[in-house]
């Protein structure tokens, strides 16, 4: 980020930087560091925190009950992410590719509409879909009946095995717009002359897509994946809106975010513990950091090199 | 060997006509240059020949086939784009192999053709590099190489030199001419630079506002421009134009300049020339001579008293900007350097054979002695 | 170039695949495109339309025939009456508007200032600082919630809108700084140099020359920061769950939880929550999308 002519730093520079850096440090950076610190403390019954080293982590990872919860949430989160990767991003790629073709009538209208769900509140989406999928109302059943699949319908949101995938698909439905837009922007950034050159050389549109367009947008696809990863492992709102903090049925929709919320605040019979919550947050941080680290160190560099 | 024929080709976008009534015959192995100012339609015409734009009217034949509805890949053409359009994520070898792979050439064949082209273009050492690691000139060679390996029956070039700096442009121009000679291929080349057109083309097609103004050999366009536009477009500095009136049409065409001076031009007196008609006289800067005021000039076609306004010394030549009769501005080009200075009074003259005459609609009268003017040193 | 033998000029070869004539391929292709795009559009619109359409029907009609449009007989706005009659709705809406509006302004202002400082001035730690800020894009701020809450308690800011604003500004700054930096780099340096030559001070240069040029960036920053703030559930839940400070998102969620079986009210509440966004989007969509596709993908 260097310009060819940068001025010497003077006190105006500091004034410009101060508000942003101050707020960011106090309310974002420092709390994160403090959480890491807090995770090394434990609270006793009286509510006092004392230094406890890695005992919180030991509990989380080795205590049977805790580990069951943590492992369950982690596994669910992974499943959540995998579904997004396999469903959301390919759909986004397909939609973006179709939108970027020349001469598609109504492309602007499509683009506008397809981006809409991203703007809606999670509460709205969660509840709307809950209504639609509700066996009581029967709308979903009726719609499936149009394509002859009504026997396939079931109380998906209420069944243990299907609850999480259903929630994941609802989340995909909501967020397809963002990767779609990012991929679309990358596709239209490809100079038209390159596509023309390939056409003149005899490539079919299908061939052009696989041999020219896709390789050139690989960095964007990588970015989309890592943003999905971070977003998924931070997810909370949709689950809370539809299932509440208990993430039922029987914790089958419990993600790290909801587990964190319960640990931190307490819920029903469970007492909240700031230090335990901090420890969980630290683990989440490490997971996310791990994923981001892997992306930046290995994948991103290779993608950049390949695409230029 | 392929000839290309355009019969009454036109192009409209909705209500706007961009090209009309283009008739062109390109012989096998010819190097044809489409030249003209921005917006004249030359690039559109090239893209129509390529297949990237639809042909609204008329017929395009490559060889004996009518190819109006064939996609680019089936026309047997290759195109070199202005920005080279190399595939950024492939190295040079793969860039050149892409088209061959699509056409089913096997590995050995691809290797053979690419090596041959690389040797011809001196890019063998660049095979592993990506486009972003190449200089502009190198990228252009790769783009040309990509076209060569396809062994097309027609090469199309869209202003390939315009992104190069001046010295590289001259050098590459020479190499393109040599490439054409070696390959013997039919080539169509678009440029807005008339110097490129004159030096490269076997045949030049000057276009303006969607119409072909004139098509012919470079020297023909220079000596016998079909109209005022072509005369102004070809030749640098631009031809000098003066309004005049026909006073007689035999034995030679005689005219009168607005300030009363008589003039004679050895052009064909067609039925279009009537006494009293308003026309324009054209004389190129390199055909005007300067004599000191008061000296009688040797042979007369036109003779003007003028004052020197500005002298530009270019080293190998010089340009003298004159103002004649307080009103008309002329440019005279001479060799080496001159001692003239601003403010000097001179007489600018040219022999009758050097003059062009253009009637009101811009069309030129045929010159009877197109070559009859020699450049003599001042 | 050396003299290449004229054997390079070969015969004209067509590509080795059965060429589909243009006449057949094109309509198939176009049909496929519209099938996919149209199909997914339907998938997007159906749930939303379903909710809105049914919010105008009587309870019986909702259940009897959910897919039907409201007729004269089944038309009913009893749900809306209940929702709008609830006195706190206006207040919650106002809370959301205040929090989102103020956060946006501060994010834009402080973000532009920081982006300007980072791109324009050379100083030790410039790059480190930029990296420090960029870190916040990847790492979610929620992870620090424990400490954030403790800080707010200490500052006596629990259950205030101020707490939300501070947190959202901290959340939105990293991305805003990144996007705005890209835009600032495109401001021609001649403008800044000319201003400096005229003796204009640094502050004036920023506020008078640079800031107005950042208008195209506003749409991009708005989409990526404003929408998550408006729709956020987490921080209002943790920092400001009190009745007077509830945002509309939290409020709707509680409301729905309360009236779970009152379908009219629920559907009306959802529709009301959706309509302002739809309206705003309808007005601003072109700029929004242009903003995203223009600058954000770096």
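Lettered A, B and C in written order, each chain numbered from 1.
By definition in this document, a contact is a pair of C-beta atoms (placed from the backbone, for glycine too) under 8 Å apart; a residue touches a chain by one contact, two chains touch by 3 or more.
Small disclaimer: the values here were computed from a predicted structure and weren't measured.
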Seminar exercise, completed: Taking each chain's centre as the mean of its CA atoms, the one lying farthest from the centre of chain A is chain B
For this session: Considering only C-beta pairs in contact, identify the chain pair with the most of them.
Result: A-C
Exercise. Per-chain C-alpha centres versus the global one: which chain is nearest?
Worked result: C
Seminar exercise, completed: Chain centres from averaged Cα atoms put chain A and chain C apart, in whole Å, by 15
Problem set entry | Interchain centroid distance [CA atoms averaged], chain A/chain B, Å | 59
For this session: Please compute the C-alpha centroid of chain B, do the same for chain C, then give the distance between them in whole Å.
Result: 54
Seminar exercise, completed: By the touch definition above, chain C meets two or more other chains at residues 15
For this session: For chain B, jot down the residues that touch at least 2 other chains.
Result: 71, 73-74, 102-103
Seminar exercise, completed: Residue numbers in chain A touching two or more further chains are 202
Exercise. Residues of chain B touching chain A in their complex?
Worked result: 50-52, 71-74, 77-79, 81-83, 85-89, 98-99, 102-103, 130, 132, 146, 150
For this session: Name, in rising order, each residue of chain C that touches chain A in their complex.
Result: 15, 29-30, 33-34, 36-38, 40-41, 43-48, 50-51, 62-63, 66-67, 106, 109-111, 113-114, 116-123, 127, 129-130, 132-133, 135-136, 138-148, 150-151, 166-167, 169-171, 173-174, 177, 181, 185, 189, 193, 201-203, 206, 227, 230-234, 237-238, 249, 252-253, 256, 263, 266-267, 270, 273-274, 277-278, 281, 285, 289, 292-294, 296-297
Exercise. Once bound in the complex, which stretches of chain A touch chain B?
Worked result: 191, 193-194, 196-203, 207, 211-212, 215-216, 306-308
Seminar exercise, completed: Contacts from chain A onto chain C in the complex sit at residues 1-10, 12-17, 19-21, 23-24, 26-32, 34-35, 38, 91, 94-95, 98-99, 101, 104, 110-125, 127-129, 131-132, 137-139, 142-143, 173, 181-182, 184-186, 188-189, 202, 205, 220, 226, 230, 234, 236-237, 240-241, 257, 260, 264-265, 274, 277-278, 281-282, 284-285, 288-289, 292
